[in-house]
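Here's a structure for you.
In this document, chain identifiers A, B, C and D correspond to the written order of the chains, with residue numbering beginning at 1 in each.
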Amino acid sequence: MAALAEANTGHALAYGDDRWTHETEDHIRELFGPQASAFLVWGGTGANVMALASMLGPAQAVVCTNWSHINVDETGAPERVLGAKLIDLDCPDGKLVPAQLEEQAQAIGAVHHAQPGVVSLTQSTELGTLYSIDEIAALCDTAHRFDMSVHVDGARLANAVAALGGNRATLRAMTVDAGVDVVTFGATKNGMMYGEAVVFLHERFAKVAPYVRKQVTQLPSKMRFVSAQFNALIHDDLWLQLADHSNQMAQRLYDATLDIDGLVYDTAPVVNSVFPHLPPEVIEPLRAWCFFWDWNVPTNQVRWMTAWDTTEADVDSFAAGVRQCLAHVSG
Amino acid sequence: MAALAEANTGHALAYGDDRWTHETEDHIRELFGPQASAFLVWGGTGANVMALASMLGPAQAVVCTNWSHINVDETGAPERVLGAKLIDLDCPDGKLVPAQLEEQAQAIGAVHHAQPGVVSLTQSTELGTLYSIDEIAALCDTAHRFDMSVHVDGARLANAVAALGGNRATLRAMTVDAGVDVVTFGATKNGMMYGEAVVFLHERFAKVAPYVRKQVTQLPSKMRFVSAQFNALIHDDLWLQLADHSNQMAQRLYDATLDIDGLVYDTAPVVNSVFPHLPPEVIEPLRAWCFFWDWNVPTNQVRWMTAWDTTEADVDSFAAGVRQCLAHVSG
Amino acid sequence: MAALAEANTGHALAYGDDRWTHETEDHIRELFGPQASAFLVWGGTGANVMALASMLGPAQAVVCTNWSHINVDETGAPERVLGAKLIDLDCPDGKLVPAQLEEQAQAIGAVHHAQPGVVSLTQSTELGTLYSIDEIAALCDTAHRFDMSVHVDGARLANAVAALGGNRATLRAMTVDAGVDVVTFGATKNGMMYGEAVVFLHERFAKVAPYVRKQVTQLPSKMRFVSAQFNALIHDDLWLQLADHSNQMAQRLYDATLDIDGLVYDTAPVVNSVFPHLPPEVIEPLRAWCFFWDWNVPTNQVRWMTAWDTTEADVDSFAAGVRQCLAHVSG
Amino acid sequence: MAALAEANTGHALAYGDDRWTHETEDHIRELFGPQASAFLVWGGTGANVMALASMLGPAQAVVCTNWSHINVDETGAPERVLGAKLIDLDCPDGKLVPAQLEEQAQAIGAVHHAQPGVVSLTQSTELGTLYSIDEIAALCDTAHRFDMSVHVDGARLANAVAALGGNRATLRAMTVDAGVDVVTFGATKNGMMYGEAVVFLHERFAKVAPYVRKQVTQLPSKMRFVSAQFNALIHDDLWLQLADHSNQMAQRLYDATLDIDGLVYDTAPVVNSVFPHLPPEVIEPLRAWCFFWDWNVPTNQVRWMTAWDTTEADVDSFAAGVRQCLAHVSG
């Protein structure tokens, strides 16, 4: 907010030719290396679509998981705006493996099949799991061997960095060093009012990006209000502190609810979400009290997410409410 | 050929305003009822795309099987031309069931998901299986209950009709009476040089069809050469005779090879394809002799198709070749 | 800013199910009538694309002027996202007339031509001109007679309302009473950091709008930050005051520069822009001092725009600078 | 027809892996040089769309004339399938000039404008005019200077070749030597039942063409029936004879009607069309007798086209009918 108020004084040129945006571009080069270029956009779906639109060639398809946000949570925006097929592969833990890329690569050269051109993976994944840095590097190696490029949907990339090392070197290792081509670097889920960055890690796809951004309706006119927020987030690594905090709050929620009768976890959290199974009769009352999404209806599994602004008191109060609600049922 | 030669004499107006095309339109109404309208197009992929483009509304998706031709064999043409998502469901036998539509219907009203708008099923299926007439009617009922409409990819519809009754009443029962909205009525796989018909079974989607056909590049200029072939095919029910013949040739091939050592069938043919498993070392030699497609590489399963012009001698000769080749291997 | 700070406290549900957005929806109904529904989006290009995507049917085209923002300033976003032709008509003053719609309507029913389905007009226009309320009503009448619907690109609609009456009744007369179907109601050019509203004036096209908004990447997740700004703008009619102010500043700039030797105006301003012709040699020095866009390079015409936050001192200082610069040249 | 009958005997592999298609590919290399590659497609609109889909990059637009077939006679197929803007320039004689390309090139680098990427010109034009070989070369030079590539819509390219030299060297000079990148080489208007060729004159865009052809629904399955017709047309230069014949018939029609009272020509024909102005009251009676299209309704101008199969008797009979009809009116 303070960052916005500062950017709100005086006149500035529109569409990114302002000092705040130039500063953001500098920050991005510090984070991802001198070849990196940043394109600020409105939102997460737009960021993914803009990245993929810059990467895809004619008749190419995007390889992704069946759980991927681009596949299930974007109302078909990729298909509409890209005019491209998403090849969604079964991935029970939300993670692609190199052998799946090799299998898809068999379609290369066959005129009856869309040509796999881009691999899109999500870090951390939609299932709250993580790729290790080595796993990302292995996927990039395989993809590049078949002339596919690699996109990372990083709506929650900060949480992954916080979980896998917690500093800028972790980010660099996970992206540019691993061979990733383009990253959507999420910020809205990490405290910003709005705005995401599409980061091109080398020049190949960046050349068309300025035009593609506008063409897919993702060019903010008063861009300084996006970049001012980004500057506040990246400067002094607030982005890492917030992500680490939200991860810790998920761990706290897990710890505070693990022993509740009738509540079952399959796994401990690695980032900022937990996925408990609940007695079916408590789901609606709990949700009426504090909204959350279903995850797997047949197994009564729900998703609870923590955020950059979740407090310890929030967690404790929520956990107490859950405990009380389930006690009432068991009793 | 004779039909073409006859249409090749004299001048005629282009784009379908000719006596051959008017005759085809009459034939289609005889087959499918007085509400039906026929739009002749170039090819099978174009027929499917043109049908779906006439049916889809904004933000709608197509529900289909993971085996469907539109999903795997059209190089992403539907996604590109329609700008719509295909929701491809796992269907081990190539057939959708009503419960799958009900599950997809849960996305209706949720803004983050493409809205299921059209169900596309293939009859006979890409796996050589058949929907019964009751199964199609049940799918249509379920689809319509959720305001979805139903498209049938009928590239091999004639083979299905031949297998399930063998006359025009069978066709009518399987389509318009079952509640189907739009059919692509295949002809290229049933003897024509080129040309397919998209048949709208009632007026709802037909209104935009003339413009959509041209817009998706599927309006034949000298349309009389398509319609002359259709007239020859429909008049005197040659289409049924040819389809029945190709079905019989598949049965003959099955019978002639069933006892061969090392060749295993999972099922008997119901239309014009058989899917034997072969010893892996004979597949390439056999294919070099007479080309066919792999079906399931890990299980050494291939697909042999018979056609309208396959002769008994063709079948017997091919079966003898297979027998000899496998004997050589076993020996 | 104050509105944003207020919305920044506490948690709220995402994607518009919050009290700020409900209040905005109420405000929009007050402005446009009880049938109206508002869909908040990120930006101006996105607003236009989202509106048109909800309105267009298969094989339909958009009729617009050759000067329209959708035609020349959106990098082909409409063609890409809509997959539809823009039929851009020569309109020297940036305004369509009914006879042009009648001429385009001749293509209706002809399969070789995209079918005119939506008329898009801009109020106030890209040339700083205005449609009278009667002119808009006449265009709507003609459009509806041919089953076309009418979209108004209202990025600067507030300036038009301020110029043509200055109160809510003017807005109502200019839109819903005139027969307009869908309006993009601009706010970013009227003081907001970001955010526009697409207003559907009746139910016909609104049904698909929630899904289309997400599909064209224009659904803000933390929507309350958009709606809080809108509420501040609409409550107490700040939107009208700001627009009226920017119009007055254009008039002040015109008055302050009209007598400068070497500077020629074709017309007086009606909204918030003036279009002077300048001696060619002063254009670059002036622009280096204070950026503005060329308008018509061959005639040395440029565009100066005033805004909601332009002060009288800004105008006077700028006018003085222009006077000095031209004096230097003439001298 | 004879060519088709020959191709109709025996079995052949589908999708172009047959001896007829290989022969066509050889013929195309003879005509256009060893770097050329031919992709056979269904029809003219599809040919243009397939060519452009192979050439366009992200956010690029097509520069063409306001008269171009892609702009006015293809129902928006380019916009729909390409998702790209057509920038249609006013060209009273149907011909682009280099200065127009230079003006469009000013948009290069400006993010708010679709980037001119492909120039599409038509030879012979939709207005029955011709580009000289030097004019095409000059357009190609200008286009390439700005990194634009050049497409020729050659639906009537044969008529242009017949008019400008009449042999294969003329074709070569007009296309590959002039710098053209991709040609749609028309055949349906030159005697074939169906089928066109998209010819890539060098490798740059050809790599994606096989996949793009299928993706835009333009891959003929039984391709040998297209290629057999092409072989008959190219072998012994029948294509040139037919085109020259149709050009001569237009000249004959012009000569036979030039002196008729009340009929006025602006120009003599250069290819196979004449554009007379007629007394308005005779247009409908004449059209009822023998169909033709209006050209310019306000000036009572119509278009009469001759074809490969128009006979001298056809021309003489038609001219006599016109003379009689107009005499009746004048009398």
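As a convention for this text, a residue touches a chain if its C-beta (ideal position, glycine included) is under 8 Å from a C-beta of that chain, and two chains touch if they have at least 3 such contacts.
Just so it is clear, the model here is predicted, and its values are computed rather than measured.
The chains touching chain A as well as chain D are B, C.
A centroid comparison over C-alpha atoms places B as the chain most distant from chain C.
Computed from the mean C-alpha positions, the centre of chain C lies at a distance of 41 Å from the centre of chain D. Chain A and chain C, compared by their mean Cα positions, are separated by 34 Å. A straight line joining the Cα centres of chain B and chain C is 49 Å long. Multi-chain contact residues of chain B (touching two or more other chains): 59, 74-76, 80-81, 83, 111-112, 114-115, 211, 214-215, 219. Looking at the complex, you find that chain B touches chain C at residues 15, 53-54, 56-59, 83, 111-112, 114-115, 208, 210-215, 219.
By the touch rule above, chain C contacts chain D in their complex via residues 59, 61, 72-76, 79-81, 83-86, 111-115. By the touch criterion stated above, chain C contacts chain A in their complex at residues 1, 4-5, 8, 11, 13, 42-46, 49, 74-77, 80-81, 188, 193-194, 211, 214-222, 225, 291, 309.
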